[in-house]
Every structure is written in C-alpha cells, then in structure tokens.
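Right, one structure below, let's go through it.
As written, the chain order gives the labels A, B, C and D, with residue 1 at the start of each chain.
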Amino acid sequence: MERRNFLRIMAAGATVIAVNPSLIRGNLYAADGRLYTAYEKAQLVDAAGNPIKASALDSEMTYIFNYPYASTPCMIINLPEPTQQEVQLKSESGEEYVWKSGVGKNRTIVAYSAICPHQLTHPTPNDNFIQYVPKTKPTMAYDNSGIIVCSSHLSAYDAKAGAKNLRGAATQPLAAVVLDVAADDTIWAVGILGSDKFQDYFKSFKPEFKEFYGGIAQAKQLVSISAKTVKMTEYSKDIIQY
Amino acid sequence: MALSRRDAMRFTGLAAITAAASGYAKSDKTAAKSTAKGVLLSPAPIPAAKGQRVVIVGAGASGLTIAKYIKKGNPKVDVVLMDKRSVFMSGFLSNLVATGVLPLEFITHDFLEAARNGNYNFLQATVHDIDRTSKTVFTNEGTVKYDVLVLAPGIDYDYSHWTKGDVELETVLRTKFPAAFIAGSETLSLKSKIENFEGGNFVVTVPGGNYRCLPGPYERSCLIADYFKKNKINGKVLVLDENADITIKAAGFHSAFDNMYKDYITYMPSTTIDSIDPYKQKIVTEFGQEIEFADAALYPRVRGNKLLEIAGVAKDSPANKAEANIDPFTYQVIGDKNVFCTGDVRPMGFSKSANTANTEGKIVAANIVKYLGGQELSRKTWTSPLTVCFSAVSATPDLRAISVHAEYAYNDANKAFAFANAGMNEKWDGSEGIDGGKGLKEWGKGLYRDLFN
Amino acid sequence: MALSRRDAMRFTGLAAITAAASGYAKSDKTAAKSTAKGVLLSPAPIPAAKGQRVVIVGAGASGLTIAKYIKKGNPKVDVVLMDKRSVFMSGFLSNLVATGVLPLEFITHDFLEAARNGNYNFLQATVHDIDRTSKTVFTNEGTVKYDVLVLAPGIDYDYSHWTKGDVELETVLRTKFPAAFIAGSETLSLKSKIENFEGGNFVVTVPGGNYRCLPGPYERSCLIADYFKKNKINGKVLVLDENADITIKAAGFHSAFDNMYKDYITYMPSTTIDSIDPYKQKIVTEFGQEIEFADAALYPRVRGNKLLEIAGVAKDSPANKAEANIDPFTYQVIGDKNVFCTGDVRPMGFSKSANTANTEGKIVAANIVKYLGGQELSRKTWTSPLTVCFSAVSATPDLRAISVHAEYAYNDANKAFAFANAGMNEKWDGSEGIDGGKGLKEWGKGLYRDLFN
Amino acid sequence: MERRNFLRIMAAGATVIAVNPSLIRGNLYAADGRLYTAYEKAQLVDAAGNPIKASALDSEMTYIFNYPYASTPCMIINLPEPTQQEVQLKSESGEEYVWKSGVGKNRTIVAYSAICPHQLTHPTPNDNFIQYVPKTKPTMAYDNSGIIVCSSHLSAYDAKAGAKNLRGAATQPLAAVVLDVAADDTIWAVGILGSDKFQDYFKSFKPEFKEFYGGIAQAKQLVSISAKTVKMTEYSKDIIQY
C-alpha cells in the first residue's frame, strides 16, 4: 500500500526542481542519433526530493527511478570498475548503435531501462526480478557475476557494456538511459538509447497501471523536471534473484 | 403476475418472427445430397493474401510465437494463424489451476487479442486435409493457400502401450481418467477429481518416451499431496513411473517427496503398467503387482498430433510415434522446404515445454522471414532454443518452486543434441523456494505477454 | 550454479533421447503426397456402436441435453456427442464474466464430466462433411456412422448487412470488435476492452432478426455502465438498436437505463448502420449520423452455423439466413427424418437461449427415443419448450436482475407460434431485484447441473 | 455460520429419542409398493430436540427437515384445506404410482422432498428458492397460489395433490415423504414415494457438502431416530420467491 502511494505521488508530483536544461550537455547518445530519443531532462532526486549526487551512489547497488514515463522503471548502478567505451550493440530487429560509456568521475555510473526486452518483466511495488548482481554474489544466469540478470527467465546483460546480451532468451540489450552528470555532481536523465519496449509495455500492464498509478493515462505521463530515485529494496517489497 | 400492455407489445414483436418462421413445415423440396464440397472448397472467410502468405496451424506457444515474430521480422508477410479452439488454455501452470492455487483466468487467454496486437489474421478452423502440391489447407471453414506452412499442432496421446488397440478401453480411459496434459476439459476433470476426492489411492502415472512437460507429473503429485494434507484428506498419491528415476529436477522432487509428503506420496519407479481395469479401478503392473485406485490421472505416452499424418509428414521417432520428419536445424520437412514443423511435434528430443517452443518459435520465425526472402536455411542459421522451467513443489502455506534452465548444443561426434549451459535450482525449503514460487508465476505471465501482447 | 553429479545424470537421461532423435536429418524419403484420405476415412477412435447410434454435433445447451436425456430415456441407445471445442463456455452469464462480476470458472465446464455422468461418448472433433445417404459424418478424427443425426451447432454471425461481402472488413470487425455472443476468446476480448477502457463512447449494437439472447445486449449495456460508474470511468455506452424499441423486458431495461444509468447509457432505437470504419472507429447510420467510438462490441445479425449448409439442410428463414429446414413440430429435416436440428438453428422463432434449448432438448430426446422405437413423430408428439431467462441490470452494490418466462403455443388460425403462459418480473429496485440477482445465479447453476451432472 | 453449525449438529447428533417403530403404522405408500422406499423412521423434532406435534404446525408455513439423508432437505406443510386422495402420479420415466393423502386430523399435513427434480435447486443455509406459496401471496409461476413453487425456473407443484406438476420445466412431481402421525400427535417420516433425485443430488453438490456437512460421507449418512425440523426462515438466510 505504501509503495503504491509512493508511486502515485511520484507520478503526480514530479515538478519540484527547475534547472535550465541548456546548462547540461548530453554525452552518451549514439554517434549518428539512430535509436536515440531525447526526452525532457529529469533530475534524479531522493525520496525527500533532494538531488542525488553521483559520488553518493552506493557501489553495486541497484537504484530504481521511473523515466521517461511515470510508469517505466529504470535502474542506475554505480559499478565497481569503469565501463567499456564505444560499445557496438544491435537491436532485435538488427539496427546497430553505439553505447558510449558510463558517466561520473570514473565512468562507473550506468543506467538502463529495467523492462526486460524478453518478456517485459520489470520492478513493481510488489516484486523485482531484474537487477544488478554484485560481484560477490553467484547467479544461475551466467558464469560470473557483476552483471544484470532478469531472474524471470535468466537473461544476463553486461552492465559495463551497454547491457549487451550475455546469455538467455532476450534478443537485444536493455535500452540505455542516457545520463548527464553536471558540474555540481547532480545526475540527469536526458533520453533513451536503443530499442525500448515502452509501447509493448503500455499494452501489457493496464490493470497494473490502474493499481499502481491510478490509471492508464497517468502511467503514460512523461516525467518532468525530476525523477525520484530509490534503492530497489525500497521500491519493491520482494527482490527475487537467482 | 399479469402482463402489462407494454409487455404484451414486446412479446408481439417476437411473435411476428415466430409466425413468419412457422411456414417451414410446408416446404418439402430439400436436396438430400450433401453440399459439403461446395461449401468447403470455397476460400475460408479471410482476406486475400497481400503478399507471401504463411499459414500456421496450431495456436499454442509455438504457433503464437511464430505468427507474432514473423510479422515483427517482416510486416509485409501475410500471416494466418489457425486453431480449432475458441480459447487458449495453457498446459503450463494448469497443475496450479487443477489444485485451486490459481484461478482459471490465469491460464486462459484470447486468440483475438493476440491477432489484434500481432497484426495477423486468426482463423478459428480445423484442418482436415493438406495438399502440399497445390499448397492448400482444407478446413471446416473453407480452403486457405500458403507459400509457407507451419505445422505446430502439438501432441496427442498414444494409449497403445496400455490398450493394445482396444478402442473402447482407450475411450473409457480418456473419459474417466484423463491425463490432463492437454489443457481444457481434462484440466477441469482433474480439478473436480481432486476437490471431490474422498480418500484412498490417487494414481498419477509418468510415461516413458519424451513426454510433454517432463516435471509435470511430479509437480502434480506434490500439489495433490499438498491439497490432501491441507484439507486433511486421507489420500495417497501413487506415482507410477515408467522411468527408472524422476526424469528431471530429481533432487528437488525427491527431497519434497521425502520431507514434505512422506505420508502422502508413494513413488514407484520402473513401474510399467501391464493392464488397467477402469471399472474395477485396478492396475496390474508388469510384475503382477495389483494396485487399486480411488481415482487417477493416467498419463499415457505421447505422439505427434494426427495432423502430421494428414499432411504426410509423420515419422516415428525413437522416443515417440508419428513425430515430424524434418531437418533438425531448419525445421523444414524433408523433401518439402515450404513446410516447417515446430513445437512439441519436433523429433529432436528437446524438452516438450512452452518455454522451449516460445524461444524456438522466435528462431524459426526469423528463419522463415529469411527463407521467404530467398535465403537457404541450414545448420548455420540454427541457434538453440532455451528451456527454462519452474515446477511448484508446494502451495501451502507458500507457493514454492524449483527450476531448471538449459540450452542445447549439437555434438558432431555422436551426431546428437545435448544440454549446454544448464543450471538448476532444486532447493525449495529456504527463501529460494519462495522466490521460485514467485518466479513461477512471473515466468508464466511473461510467456502470456510474449504470446498475446 | 554448478550442476551436481546427480543432476548431471538426470540430464544424461534426456540427452540420450536427444541423441537418438537427431538421426532424422539423414532420412530423405518422405512421400510428398498427402495421406489425408487414408487417415480421415478410417473410423474415428470411439467404440463400435452397441445398438442404434445417435450422433449429436454440437455440445451446447441443446446437444448436451439431448445426449443425456436420450441415455436416460433408453440406456441401450448408443450416443456420441461431438464438439470441436476442448472446453464448454456458456454464453449465458458471460456478460457477468466480461464485467468481472463472476469468475471464468463459473461459465466454463467440462465435456468429459458430462460424458462420465451421462454414460455417453464424447468426441472432440470437427465435422467437415456429412453424407446423409450412407449416414456418415466426416471429422478431423475420422468417420462416424449414425442411425439418427442431431445437428445442434448454434449460430454463426451474419456480417453481410454491414460488409456487403467485404471479407477483409468482416475479419477486422470479428477481430477488433467481436460481438461476444459466442463464448470463448470473444468473451475475454470484451472483458479486457471493458477493463482497459479509458473513456469515450463504448458502442453496443443490437441486431435485427431473431438474434441469440434477446436481452443480452441490454443486459451488457447495463453491466458496462455499472462498471464505468463504479470505477469512475468517463465513458458512455451507446446502444445502437436496429429495432424500434428494446425487444424484451423493455419496461425493466428502460427504467434501469433512465434511473441508474442516465449519464452512462444513450439508447438509440431504430438505428440502422450504414457503414463502419474500424480503423477511424466511426459508424455512419442510415440517416447519415456519424458516431465515433473508443471501443465497441459490434453484434451483427445471426445465421445458422455453416454446418447446416455442409449437411444440405439449410434454408433462409424470414428472420435469419441459413437456418434449419425442419418440421417445426418434430425437428426432423424435411425429406430426411433421420436428421434432427435443434437449438439456435431451429427456424421457429423461439427465443435463442440456453433455457429454451435445454427444455426443448428434453422433448426432442424423448421423441428420438420414440422414433428409434419405431414410432412416427408428429404434431401430437410436440410439446412446448420453455423460455426462462434472467438478465442482470446492476452489479453494484448488489446483483439485481429482471426475468421473463414463457411457453409457446401454435395458433392454427395464423399458423404461427405465439407466447403462452408468459410472465415477467421487471422490477429491479426493490427486494425483487436482489432476489432476481440470486435467481440469476441459481438459474445458471441449475442449467450447468442439468447439462453436466 | 450458525446455520452451517446447526446442520453439522443435526447430522451428527440425530440419536436423541427412541421409540418402538412397530407402534407406528405407515399409511401413505403406493398400493403396490412401486416407487416406494422405506427408510429408518425418524421423528420430527424442533431445534431443541422436542417432538413436534402435528396440531402445532403453523398453517401454510414451510418447515424444513433433512431426510432420509443428512443432507437431503424435505419440506412439511400444514395446508389450509384437506388434500386430495388417491392421486395418480407419473415419474419422468413414465412409472405410475399413487399418492394416498395428507395426514393429520384433517388430512392437511403433507411432506415432500425439497429437491426440485428439474435442476436440483433446494434449500441451503444460504438461500431457498423452493417453498409453499400461501394462498394470499401471488406467484409468477401459476394462475393461483396455495401451491409449491421452485422460483429458480418457476416449476409449480400442486401441494394438495402429491406435488403433481402444474406448470414449468419439471417433468415429474416432487418425491413425497411418507409420514405417520402417531396417536400422541407426534410426526414420523418413514419413507420416500416417487422418483427421488438423491443420486443426482449427491453427484452435483460435493463442494456444498464439504462446506455445510463437513464432507461427502457425512452428507450421505442416513438420518436416524429423529430429524430436526425448523421454519424455512430459520433454515436459510434468504428466501427467494416469485
């Protein structure tokens, strides 16, 4: 119940902070713009509405925020090592695109859509099957950890390489959230890179939207100004991970 | 209660129809001859093909996946998906419906929704003939021409090991003790058998061969035992297994049998049935053991659906009768590359399960798009389907499940497929089991989304 | 997670099958010729007839009743009931399922249970030809011979008034805006349309002719309006009625529309549709009125199932196309007394409803037993079916229903059937309405008991 | 809940009063014994276990008791007028039999199975659709009242004539309970006349038996010694009658 209210508030009250978007430069889109959609910039803020600083993100923790729509969950992770750069990726329909790099001081911060492109499993206030598996924790999905796993059907994604597919049924990477880290260490989501599954998602979860967001139209609202960002354990009651 | 004046008028409206229709007794000039040929040789009521047409027969996990992903791969391909059923019910998760854990809504889905979302044509029709020379499918709704035909009709039961050709015995077994591994009335029969069980032996059989849903009978045994335990029913599940041991997730099931259901499940491996008397409700095993039962779900061996024989593409496999005679890498019928056979009729010995059929369907769909584009298919265009499968071991107080996942790899040395990258989660008694229970439901929902949304 | 040794062994078991099955690619000698004739001209897998055999095609309210009551009337008669479906879903009460008032379990039932309790054979099969000379029914499972044939296949939709033969338009209408008066996927489509409705016009049409379930579209309109009201959905049900007024229980429905659903239902009598654009979601009426809709359940006119044409026993009636060409007192086909047509394909203008078919089925069953015993049937062996029918008008906070019951009597003066001994209960706002709601459920349960137990 | 417990107690504790059955003569079976089954005699007692006297039955009130099985409801009614006598009846399979008369001082007391032979509607702790409709109350099922009506599908039965069919879908009379009124005015059920639907009933209501009687076997127990008899309004929560 609390989680549901939290989401409703998030969807409705996402208009707290105003910043001149032109101050912030995007730096993580595909070179030629293919498979990249810019959305209204949104600043990542904590549950109290205070800006989250890039340097304050716990290492290897999956945080969840909804972007670019009120109901589309994304994850942001501060990896223990710098990411790869200029990673060549391919969508399920064969389009190629480039994921540039993680952001932050050490290029360790990544963000991806938390909607598994395989069968749309995603975090809800009830449960979360898709998350980063820290290096010390084993997973059934792959030989080593430090990757993103959807435990619904065990699709494994390379967290440090644009969520490239490592193993499992998924046939394309997770869509990436293009992030900016501003000079003041604040974090901004500015767009989506790769093939997202938002339309399939909107078709598939209408009863859930009514339950958690108060309606279908509300679920489809674009996020504006800021996006509340919480640890996955605060977002979902149950975390399931193999 | 007298009719008001207004009511009387309404009735009159209908009475007028009644009056007009009553003239029929007068007419007497019907041709005695059947007009079937005329009706059924006309095209079925679907739009003319707007390009190359793929006709898919059977809207299970395989057919639904292929229809959707061909359209995703190339929207210009004209896709017609056919099924004789008016509604989809999944075999997967049906044990949970039969034991009252999930409502019927969970496993029942809408073919029209799939067609709306996938932008293809769905035709509710039953195929009774296929002419591969003229590339025509004959149905009770009329004919449909194809460029590529996909046969994904699933299994049928092969009772011959038990009945030795006695059709009456087969009918009685199908009616009184249905296997409930083809969803529908059988599932509801199993549900009412469990709900109405008054005590004694409840027999569950596990067939030999490569039967549909390897863990299914073991999962079912656990769930029935769970039901008996919860409802204090003095019943025992006798698991008569033709195999020498539990065929999959054995550690998990054995430990569930031993730890949770010691008083409720008797596991009998290497038990071949010699005869079944469905009236006295008695089974005699190959070694002469007599087993009386109060009720049962008798799962015989499986075979390919009769549709393969109708199409002339059936061939006995080492595991089962009448499976598809196809190239195992391309799924194309040997000698007729325009016909693909997928899902549970494939002879390759992959797990006959929805997740396998779903992942396989995406590969086959991509290959059909390539084939229609003029590309030859071969071992090089093959990739492995994935088997990911959860089985419930208890429902009370928590739904707990174990799971397995595996790919397949072709071994050139012995010319065989074998499991690759396989993993198991057979622990059910800790938080893993509860996570597994949640995983089971989300796994099913994911499949429904992929098939229908 | 590594495999344990034991697990590895299990996998090996299945891998052995995989290996054996992989030999297929080598074989290349399939006959390209279809073997359909051979498979389908053999007898279907049911026991040989043990006496005079009655074959009943269609296991709806009519067929199920007739199968059961023939066996009750004379257990020596061999009865085979066929249906293409794997599971029974009733049209009656399906509006309550579509609006979430009742679970799917309520209307979904088990053909095998009916066969077990009724001591007859159920065959899941689709008929594609009937030879009345050799008395043979041809199905996708093989042939079945009959002494008496009962055709009870129910309605099909007749879209011709709207589509003027445009098959593509018909397919789009069937897929995107199904009528949901044949239970199954259509029912689930309606359910998800209502649940996912986001506002605007929801169009419900009422056809002309003698359509299935006269009160059905009005009941549905009430229940959808009830759903919108309860869930605060800014939607309006537009009831486009081809008839000049509500066709039955008019006082009750009018008062429900006016008093409960003033802001949610717009009733438009005498509205004939000239064209439907399913993409722009716009209807143009005969008088040029344009109606946009956000969603719809478009119920076209009905016709007899195509099976009648296949059997050569179809004839247009004044009300509908392709209904049964039968003697209205004996239900026997004109010119072929061994073939009976019952249920919604009858042309007599009785209410096309389950209760009518059920009461009629008992009369027809008794008459078939007499006929098999050598007795001629005639007007003297006729008695009237009964129409008893409840319609929900609201579900929130209480289920409330109105009802009608009537017999039919033949009027020799105008050679027509008319209602007799009819009564109505159209008051829904007092305790009668709540009693009616309880009556509605018990009425349905009684029917299910009569058909399946 | 109370009603459910009441039934359980009834089924389990029906062994209160002992009387020599030979003291009581049956007087209402078919002359030739066809379609008559004698069951163990049971005395009709009130909720407290006290014998009910024939002269104490309210006129035109439907009372319910379960007989001859713990779960098979019957109704007993004291009609305002003497019944017909020697009524010729026919079962749905065509067997003919004779219902002799009502019992009691004025031959006004009748008892019938309350399982409608049409589709087995019967009184439960939740509701009752089948009962006697007093002369002053209208019914949709027939032209006049003072009859038994099943309001589920409006079958009408002649209360004063062996529950002969008057109108509606039912194709045979209600089975009659054969009653004795002893010299001390106590009432005894001794058997069932006509075609009962007990086997169909047992097939159809297994979930109900579990809910109300604790199990299927319990529901099939034969009533012994006495049968608790209460007004229909005490037996069922809701009375539905058109």
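Assume contacts are C-beta pairs under 8 Å (C-beta built on N, C-alpha and C of every residue); 3 or more make two chains touch, one makes a residue touch a chain.
Since the structure is predicted, the reported quantities are computational estimates derived from the model, not experimental observations.
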{"item": "Both-way neighbours, i.e. chains that touch chain D and touch chain C", "value": "B"}
{"item": "Centre-of-Cα separation between chain D and chain B, whole angstrom", "value": "48"}
{"item": "Gap in Å, rounded to a whole number, between the CA centres of chain D and chain A", "value": "69"}
{"item": "Centroid distance [mean C-alpha coordinates] between chain B and chain A, Å", "value": "37"}
{"item": "Two or more partner chains touched - positions in chain D", "value": "140, 242"}
{"item": "Where chain C touches two or more other chains at once, by residue number", "value": "1, 192, 423-425"}
{"item": "Category of the chain touch graph - line, ring, star, complete, other", "value": "other"}
{"item": "Chains grouped in pairs wherever the two touch, ordered by label", "value": "A-B, A-C, B-C, B-D, C-D"}
{"item": "Chain D contact footprint on chain B (complex, rising order)", "value": "1, 195-196, 198"}
{"item": "Partner chain A, residues of chain B touching it in the complex", "value": "72-73, 117, 355, 359, 362, 386, 388, 403, 405, 421, 423-425, 432, 435, 438-439, 442-443, 445-447, 449-450, 453"}
{"item": "Touch list for chain D against partner chain B, complex", "value": "138-140, 206-207, 215-217, 242"}
{"item": "Interface residues, chain D side, partner chain C - complex", "value": "93, 118-121, 127, 129, 140-141, 151-154, 167-169, 171, 200, 203-204, 238, 240-242"}
